[in-house]
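In what comes next, chain A is part of two complexes: it sits with chain B in the first one and with chain C in the second one.
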Partner chain A sequence: MRQVVVHPERCVGCMQCMAACAAAHSQSGFLAAAIRENPLPAPRVHVGSGRYGEGFPNRCRHCDPAPCMTACLPGAIYRDRILNTVLIDPSRCINCASCAMACPFGVIRYHRDPWVSPNRAVAVKCDNCVHRQTQGLIPACAEVCKSGALTFEEPEGAMKRRTDEMARRTAGYVEQERIGEEAPGFMLLRQLKKRAIQLTE
Partner chain B sequence: MDQKRHSRKTITEDGRLMLAKSEQDGVETVWDRLEAQQPHCGYCELGLSCRICAMGPCRIDPFGEGPQQGVCGADADIIVARNLGRMIASGAASHSDHGRDLVEVLEAVARGASPGYAIGDEDKLRRVAAEYGVETEGREVLSVAGDLARAMQEDYGTRLSRLGLLSRVPEQRQALWDRLGITPRGIDRETSEMMHRTHMGVDNDWQNLLLQALRNALSDGWGGSMIATEVSDILFGTPQPVSSRINLGVIQEDQVNIAVHGHNPIVSETIMRACRDEDLLQKARDRGAAGINLVGLCCTGNELLMRHGIPMAGNHLMTELVLVTGAMEMMLVDYQCIMPSLGRIAPCYHTRMISTSDKAKFPGMEHREFHSDNAAELARELVEQAVDNFGKRNPDKVSIPSQPVDLVGGFSVESVLQALGGSLDPLLEAIKSGKIRGAAGVVGCNNPKIRHDLGHTVLTSRLIENDVLVLDTGCAAVANAKHGLERAEAAERAGPGLKEVCSSLGIPPVLHFGSCVDNVRILVLAAELAKALSQDISALPLAGAAPEWYSEKAVSIGAYCVASGIDTVLGPTPPVTGSMNVTGLLTQGLEDILGARFAVEPDPEEAARWMLSRIEGRRKGLGLDSRQV
Partner chain C sequence: MRHLILGSGIAGLQAARAIRSTQPEAQITMLGREAEPPYARPMISQLLEGAVEPIHLDLGLPPDVRLISEDEAVSVHAAERTVATLQGRRLAYDRLLVATGADPRGIRAENTDLENIHFMRTKAQVREMLRALPQSRRALVLGGGLVGFKAAYGFLRQGLDVTMLIRSEYPLSQQVDPTAGKLVRDKLEENGLGVLVGKDVARFEEDGAGRVWRAQLTDGSVLDCDVAVIGKGVLPVTGFLEGSGVDVDLGILVDEQMRTSARDVFAAGDVAEHFDLARDERWVNAIWPEAADQGRIAGLNMAGVPARYPGSLSRNTIRIFDMDLTTCGLVNPPEDAGFETVQDGDAKKGTFRRLVFSGDRLVGAACVNRIEQAGVLRALIAGRAPVPCPKKDLLREDVHPAGLFPFFP
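So, the complex of A and B:
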């Protein structure tokens, strides 16, 4: 089954996945209209900034077993086995934050949400765009990511690529060169940013 | 299936057929690249990304969770206003630099240093010179030309407090601009100041930034573009109604085909003369061709069509597909709107691509630079090479679609006045009596985000059906002509009042007013109508539209139209919606200070309704009969 796979080395930090996620979980479904809605839709994926300003799209891993599910006393968190997705039932959520405390990745937020609970703050997190997938669309974050940091694919395929990359690297092919070949401008930018930040340290 | 897929991209038959061929030939087009770019960056579409300085780049999170200010502290209003100001600066600079090139040729002609060029309309030279205060009585034509060129060069400088051609603007409007502090002082000055003000740490009042953006746009409309049009008329002749034909069907299978693409007539006029050279025609016949067929694309094509009836192959989105016919021996380009993809498509066929301007080089093109001293000679040399290339054409790759459509082009303020018997009174009477409800300018580009030519043709059709006379330019004019709206017979498609007026004058209900710098012809006509009624332009039943715009030049055009008092509706949304303050000012607030405003409406049916309601509202304001829309 295809899943969203994160490739952090390719993230350019444009935060487009955030905007697309919020728009996908808005009433209108369109960015231009979504930003005028009340409550404002919020992203379920969050781009963080690494030590040297690298972007990182932080997203629910849909763990199994999921610590959030174990921590949820009212039993609001459950797993959709078909899409292998951890979901939250907003009608059962008591907004106690236990799940967020249990989450090792900090991906659960609390707010009113036009999609699941417009009138009351509840726990909100990535739902793998179940509504889009049932329409034959892929999750909004992966669709919008132009740098390949978020892909929607069979995990086996992604793992195979990783294995091949490791094999090449052990054959003297360093990762720096690989990324430099794929996106020299981006690599140059990263190097220059890193040096600038190192100069401040 | 393919037919349907291509129909979603364009309403034109020649476009659909060439899209199908481009797929067979493995040629990637603008539509493929648009698809590959999807989805576009939301920050950029909202105008919320700022690349102005190296503390950034910055973006404002439109959802309010992330950053709300750039590193410098600029908020969404400032960032959106700065970005819009810079779009207008680029658009104004493009038109104005085009104008400057013409003034330089005029100055060289006056010095006798420009063998390929001459004064084409001495009357117009003397008229315009008089407007600039140049003494014309009993003087040699070339010395008048030299003085006029230098006076125009002053308009580009910083020594004046107002542009020379502002004398054409109704007094009320000039006084309004003075009050608002948006009277343009110098053509380059306003662009330069716009760039200065949008530098980090200069103008950070979004309203003040937008006022300068309007002044910058006015320095284009009543400055750079107006000079471009007037000097083109002086050098190459003022357009008079002329018949021509349009669409890819104008390409001739048995002839040497040469296309000119870009904007300035400086290069295309010399190419045209070389294509009529008897020695070169004989050479073409010797090579087995029936002749040399010059066709136009985009605005330089419009310039040739307006003055000489040179047939037009297509507008912006057809510039790649014209190569896909496989029958083009050579395409010569100057500048603006020339997709760098062309140099990659041409090698799929035998077409030779030639870039001609020192300021516009392209990958995959041969660069042969035109200057006023070598133009005639170089044009002959290149046309000869095109003739030589005829033999390299691969007949298996040739497919020329569609039958061309007839049109009448060549309308100018001068030729309209002539058609009306020397005075605007018949037009004013037709408007007052309500036979003609008003006039609309339909202008601007193509944009693959809008189904090709649909915006222009639907909007224009609705306007003429409702007795609104349409003046069109640029890619809009090409779209309407392909749709058969610029033939005298198109009066049948107009409402009863407009039909009656057009039939009696023998003119189409849609008047081809030229290239995109020629939008100033519409401004001049609007100003003349206003002066005849002792009104400001904003009181007249006029409206403008750019249903398929894509370029920064179009933003400048829209802004100078609105600042001149003409309501303007845009098809594609400009990148301003990240700031509701800026959006509100453009679409509502401007009305209070300028008497005109912008609207954004991608649906041409709705856009037509908006324009009609604005026109009827203005009729009411003038005390004329007014219809419910």
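So, the complex of A and C:
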């Protein structure tokens, strides 16, 4: 089954996935209209920056077993086996934030949400755009990503590409300066950012 | 295969779920002291507060689990693989899980058996507190631990005058450091809580109809109260294991597969003593999420699926009016024991964060407000690996996985 796969080395930190995610989970479904809604739609993918300004789209991993699910007091968190997605039932959620302590990736937020709970704050996180997938669309973050940092594909395929690249590197076929060719340009950008920050430190 | 589970709390329930998921045919029997089927125990505080209805606490049972309620074990005979119960039952097992939990500690005061003096451990106790609520105006809470705190908070939300008797300068002294503790106390006092430090109840007095009317304190002063809650901590329920061959320290000693010293006997939850990942020693962390995890691991092992439990961590997430607080691991390390503390706060935003390190390992964290990333800190503590970035970077309220590990998955 296809999943959203994150390729952090390709993230430039443009945050378009956040805007697309918020729009996809708004009442209107369109960015231009979504920005005028109340409550304001919030993204469920969070682009953070690393020590040297590296972008990183942080997104629910839909773990199995999911620690948030075990920690949920009212049993509001469950797994949709068909789409392999961990979901939160807003009508059962008591907004106790026990899941904040459970999630090792820090991807759960607590707020009113136009999509699931416009009047009461609840726990909100990535739902793999279940509503879009049932309409034959792919998750909004992967659709909008221009740099290939978020792709929607078979995880096995992505894993094999990564394994092959690693094998080529460690086998020494690739000269040192060509490492990162899988993501041309991105390595250079990262190195520039890192050097700039190291110089100011 | 016959599985017998002593206790119907979350550890027992998670074990039953794990067994059922791998052995559809196994016979599972659960023995519970309470009249209720399994429910989410921590939510009794939301029930007291009036934030949820009793039905919201129900957790349900996996298919084909036989629940014997209002009965408890009185002895375990590991050699014959049987358990004798208070109601005279003799239950046979192939695998036994002891998940009997913990009981509230009593206090030494006189007349604690008066009406409207409660422990706060079960749904039934909170139901009684709610029944007496319309006639109650003044509540007295003994102890500033988690239970005392939640009782006081629930009563405040229900509009009662609440006085809390605590030993330290601030509530939750086992969970928080002085700075966060002060913020908690201020927030509670701002909302009407009365706090008395270093005082205890000597005796309760009755109103002539068997109900509590007022409390005489150890210093001779007198406090009116129509309801009182005793929250002085809990102790593992292990008395019935005497002579069973199950080794008990404070709790039941278990290995990383949740096995006890007796063959085919497992233990999980508040009754089990495992290993604390932050303290680096054997410890009973009697908290719900650890009980759930331990129960799941025990159930898998009982069903013959090898699973390992790495150890436990104390942790709590608390919402107090508009303030959020999370704590995890060793927040108050002993002084002069070589721990390093890094902390920072922003009074205007109301945020505070304190981190405790042992060498280059994170062992404790307390966050006031902006708690969304608390799980990242918990995972760092549980992982026991050297912190991969400058320590002060972890103080950022938006501490991000990408900042911790290059090419984080």
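For this structure, a couple of remarks:
In this text, the second predicted complex is superposed on the first by the 185 of 201 C-alpha atoms of A that agree within 3 Å, B and C clash if a C-alpha of one lies under 4 Å from a C-alpha of the other, contacts with A are read in each partner's own complex, and residues count from 1 in each chain.
The rule we apply is simple: a contact is a pair of C-beta atoms (placed from the backbone, for glycine too) under 8 Å apart; a residue touches a chain by one contact, two chains touch by 3 or more.
Not measured: the values here are computed from a predicted model.
Annotation: superposed three-chain arrangement on chain A; chain B versus chain C shows no clash, the two fitting side by side. Of the two partner chains placed by superposition, A:141 touches none, neither chain B nor chain C.
Judged by the touch definition given at the top, the superposed model places A:106 against chain C, while chain B stays out of reach. Judged by the number of chain A residues each one touches, C leads among chain B and chain C.
By the touch criterion defined above, A:31 lies against chain B but remains apart from chain C after alignment on the C-alpha atoms of chain A.
In the superposed model, A:41 makes contact with chain B only, not with chain C. Angle at chain A between chain B and chain C, computed from CA centres in the superposed arrangement: 150 degrees, to the nearest 10.
Contacts of A:116 after superposition on the shared chain: neither chain B nor chain C is touched. Contact with chain C, but none with chain B, is seen for A:92 once the two complexes are overlaid on the shared chain.
With both structures placed on the common chain, the touch criterion links A:22 to chain B but leaves chain C unconnected. Think of it this way: put the two complexes on top of each other by chain A, and the tightest Cα contact between chain B and chain C is 11 Å. Taken together, the chain A residues at the contact with chain C in this complex read 6, 8-9, 46, 48-51, 54-56, 58, 65, 67, 70-71, 73-75, 92, 94-106, 108-110.
Of all residues in chain C, only 14, 40, 42-43, 46, 51-52, 56-57, 59-60, 288-289, 292-293, 296, 315-317, 319, 324, 326, 328, 371-376, 378-379, 389, 393, 398-403, 406-409 touch chain A in the complex they form.
Touching chain A in their complex are the following residues of chain B: 39, 41-43, 45-46, 59, 61-66, 573, 577, 580. Residue ranges on chain A touching chain B, taken from their complex, read 14-16, 18-20, 22-23, 31-32, 34-36, 40-43, 143-144.
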